[in-house]
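Both complexes below contain chain A, partnered by chain B and then by chain C.
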Partner chain A sequence: MSITIDARGYSCPQPVLMFMKAIKSGSENEVIVMVDTDASKENVSRAAESKNYSVTDIQQQGDEYRMTLIKD
Partner chain B sequence: MAKNFFAGRWGIICVGAVIGILAGALQKMGNPGNMGICVACFERDIAGALGLHRSGVVQYLRPEIMGFVLGALIAAFSFKEFKPRSGSAPIVRFILGFFAMIGALVFLGCPWRALLRLAGGDGNAIIGLLGLAGGIWIGVLFLKNGYNLGRSQATHKSVGLLFPLIMLGLLCLMFLYPQVAGENKSGVLFYSLKGPGAMHAPLFISLAISLVIGFIAQRSRFCTMGAFRDLILFRHIHLLTGLISLVVFAFVTNFILGQFNPGFEGQPVSHTMQVWNFAGMVLAGLAFALAGGCPGRQLFLSGEGDGDAAIFVMGMIMGAGIAHNFGLASSPKGVGPHGIAAVAIGLIVCLFIGFTMRKNIKGV
Partner chain C sequence: MFKFKFKKKKPHGFSQAELGILVFGNTSEVIGAQKALETNGWKIRVMGPPPEIQSGCDLVIEFPLIQELDIIRLLEKLGIPPIEMVPVTGPLLQPVDLFHIKDFGEFLMIRAANMKITVEKSTRLIVNVSGGGCPDVPYLACMMVGKTMAQAPNPLDIGHTLCGYALGLAFKEMEKRCSQW
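Moving on to the complex of A and B:
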C-alpha cells in the first residue's frame, strides 16, 4: 500500500506526527511525504529511519520536497 | 547537494558546545551572571531600551538578539533556505509569545538561561527545568490529540525580510545613539546605569558572537523546547544531545573561568521561590510547545523568513513590556506583586488555545 502525506505549510513536529500516524497501521510499504522546509525534510528523514523506513528518493520541486520512504 | 553537517548528530553536539562556550565567554566579557545569553532577558532589555517598560535596571538594546536573527538570515541565504512564509495563526503566536515571556520572567530566564544557570551552579535552575519539561509534556498531550496551528503560506520575499530588517534598524539605532557613560538615555534609547541592564560585553564582540551562533543554530535547527518535546513525543534524542552538550561545555567554561558557584541562595538574577520557579516555566514550556519552538529557535526561524515566528518574538517583547509595567516579572527578592495571577491567567489562556485548536490533520 502507498500513501501520500501533504505536510506542506506545517512546521515541526506536525510533518513527523503525520508520518507517524500514517504508518501506525503497519500496512504502508511506501509513504510519499511532501514538505516545504529543509528542517521538515531532515526531521521526517530522521523519523523514517528510526521506524525502519529508507528514504529512497527526494525530489525538489521549486521550494518543496517530495520524499519517497520505503519500508525496509 | 552537500549534506548539512550541522543537522547530524556531531553537528548538533558542536553547536551546543559552541553556544555553551561562547555564552560563558560573553559573561566573562561583561554580560550578567549566568546570563551570557538569555533570549527572554535580552528581549526584555530591548523592550526597556525602547521605553516599552521603564524598569531602569533592565534597559539595553542587546545586540545579541539582532545578531541571532541576522546570522540565521545569512545562513538561510547562503544555503538557499530562506523561505518567506506566514499566515499560520499569527494572533495565537503573538499571545503564546506574550505569555511565554511572562512565564520566563517569573522564573527569570528562557530555557537557554535555565541551562546556563544550571551550568553556573544555580540549583534553582533545576526546578525551572523540571517546570519547563512539565509544560512541554502538557503541550505534547495537546499535540497527540490533534493540536496544530494550521498551515503557513509561501509569501513575498519582502514579508520574510521585514523582521530581519527591523533588527537591522535597531542595530542602526544603536550605532546612532550609542551608550554615553553616566547617562540613562542616548537619543531615543534608554540605557541602564545599574543592574543587569548595565552589564554587557562590548557591542562588537556581542554582535560577532551572536552572528556566529545565529548562523550555526539555523543550520542545526537547535531548539531547547524541541529537545524535550521530541524526547517525550517520539523518544528522539537528536536535539537533546545538543542541549546536553550546551550544559556540559558551559559548565567546563564556567569552571575554567571561575564562574561556577554551586548553591541555591544568592545566585545572580534569580530567586528561591521554587513553586513559582516551577510554575513560571510550566507556563513558558507549554507556550513554547504550542508555538513550536523555544525563544531562540523562534529568532532563527524569523531569520529564515518565517513571519509567524517573528510575530511570536513581537509577542514576547510586548509581554516583557507589560510584565515590567504591571509588576508581573520576578526580581531577586521573589515574584512580582501580580506575577502569580499572571501565571494563572497565562495557563488558562494556553489551555484554551490547546483545547480549541484541535482537528484531525487532513492529507493523511
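Moving on to the complex of A and C:
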C-alpha cells in the first residue's frame, strides 16, 4: 500500500510524527512525504531509516521536497 | 483559629528569597561553572535569565545565596567569575524555566534553549532530534534517533558544542520525565 503525507507548513518534529503515525499499521510499503524545509527533509529521512525505510527518491521543487520512502 | 501558611520551597530546598543568580558573559562559562559547582557538591540549577536581566548570555545559574562567597571564590580561582550576581528579590528577577515541553499525545517533545528531543511515550524511543545549527547536530541525531532513552548515548558525553550541551539538558529532563511514567 502507498500513502502520501503532506507535511508542508509543519515545523519539526511534526513531519516526523506524521510519518511515524502513518507507518504504525505496518501495511504501508511506500510512503510519499512532502516537506518544505531542509531540516524536515533530514529529520524525516533519519526517522525513516530508523524504521527500516529507504529514501529512494527526493524531488525538489523550489523550497519543497517530495520524498519517496520504501519499506526494506 | 490559627492558619499556618507555608512558603513554597524550591526543589533544592531553598525559598526564593534565599536564592541568587549568577550571570555570565557566554554559555561556555556557564557550562564550566555548572560543572565546577556540581563537582563541589553545590545544589545549583541552570535556568533561563529573568526578564529584568539585560546582560550576559541565554543561561544563568541559580544558587543558594548563603553560599555566595564560597561560590564566587571558587569561580574566580577557576578564571570564570560571573559578570553579575543578583539576589532573586522579585518576580521579574526570578529565573525562567529553561525547558519548553509539548505533549503530542503519543509523543513528548522537550526543548532546551535551541535543541529539541522527541520521544514516543509507550516505547521511550527517540524519534526526533532537531534544532541548533552547530556542526555536531547531525552526528548527535544519527547517534540517538531510533534508540530508546536507555540505549542512546548522553549528548553531554558525545557532544562538543553548545547545541550538544543544550540537547544534553533536554535529554536529562526527558530521562526525569520517563522515570515518572
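Here, the second predicted complex is superposed on the first by the 72 of 72 C-alpha atoms of A that agree within 3 Å, B and C clash if a C-alpha of one lies under 4 Å from a C-alpha of the other, contacts with A are read in each partner's own complex, and residues count from 1 in each chain.
One rule holds in what follows: contacts are C-beta pairs under 8 Å (C-beta built on N, C-alpha and C of every residue); 3 or more make two chains touch, one makes a residue touch a chain.
From a predicted model like this one, the values you see are computed outputs, not experimental measurements.
S.K.: Should A:I5 be classified as contacting the first partner (chain B), the second (chain C), both, or neither?
M.R.: Only chain B is touched by A:I5; chain C is not.
S.K.: Specify the partner with more touching residues on chain A, choosing between chain B and chain C.
M.R.: B
S.K.: Let me test your reading of the model: by the given contact rule, A:D72 touches which partner, first (chain B), second (chain C), both or neither?
M.R.: Neither: A:D72 stays clear of chain B and chain C.
S.K.: Taking the superposition on A as described, I'd like to know which of chain B and chain C A:D38 touches: first, second, both or neither.
M.R.: Once the two structures are laid over each other on A, A:D38 reaches chain B alone.
S.K.: Once the shared chain is lined up, is A:M18 touching chain B (first), chain C (second), both, or neither of them?
M.R.: In the superposed model, A:M18 contacts chain B only, not chain C.
S.K.: What is the contact status of A:A47 with respect to chain B (first) and chain C (second): first, second, both, or neither?
M.R.: In the superposition, A:A47 touches chain B and chain C alike.
S.K.: Once the two structures are fitted together, what part of chain A is touched by chain B and by chain C alike?
M.R.: Common to the two interfaces on chain A: residues 12-14, 16-17, 20-21, 39, 42-43, 46-47, 50.
S.K.: Would you pull the chain A residues touching chain C in the complex into a rising list?
M.R.: Against chain C, chain A makes touches at 12-14, 16-17, 20-21, 39, 42-43, 46-47, 49-51.
S.K.: In their complex, what parts of chain C are in touch with chain A?
M.R.: 104, 106-107, 109, 116, 118, 120, 127-128, 130-131, 138, 141-142, 145-146
S.K.: Which of the residues in chain A end up touching chain B in this complex?
M.R.: 3-14, 16-18, 20-22, 36-39, 42-43, 46-47, 50, 63
S.K.: So in the complex, which bits of chain B are touching chain A?
M.R.: Per the touch definition, chain B meets chain A at residues 4, 7, 79, 81, 83, 85, 88, 143, 148-154, 221, 226, 229-230, 233-234, 236, 238, 292, 301, 306, 308, 361, 363-364.
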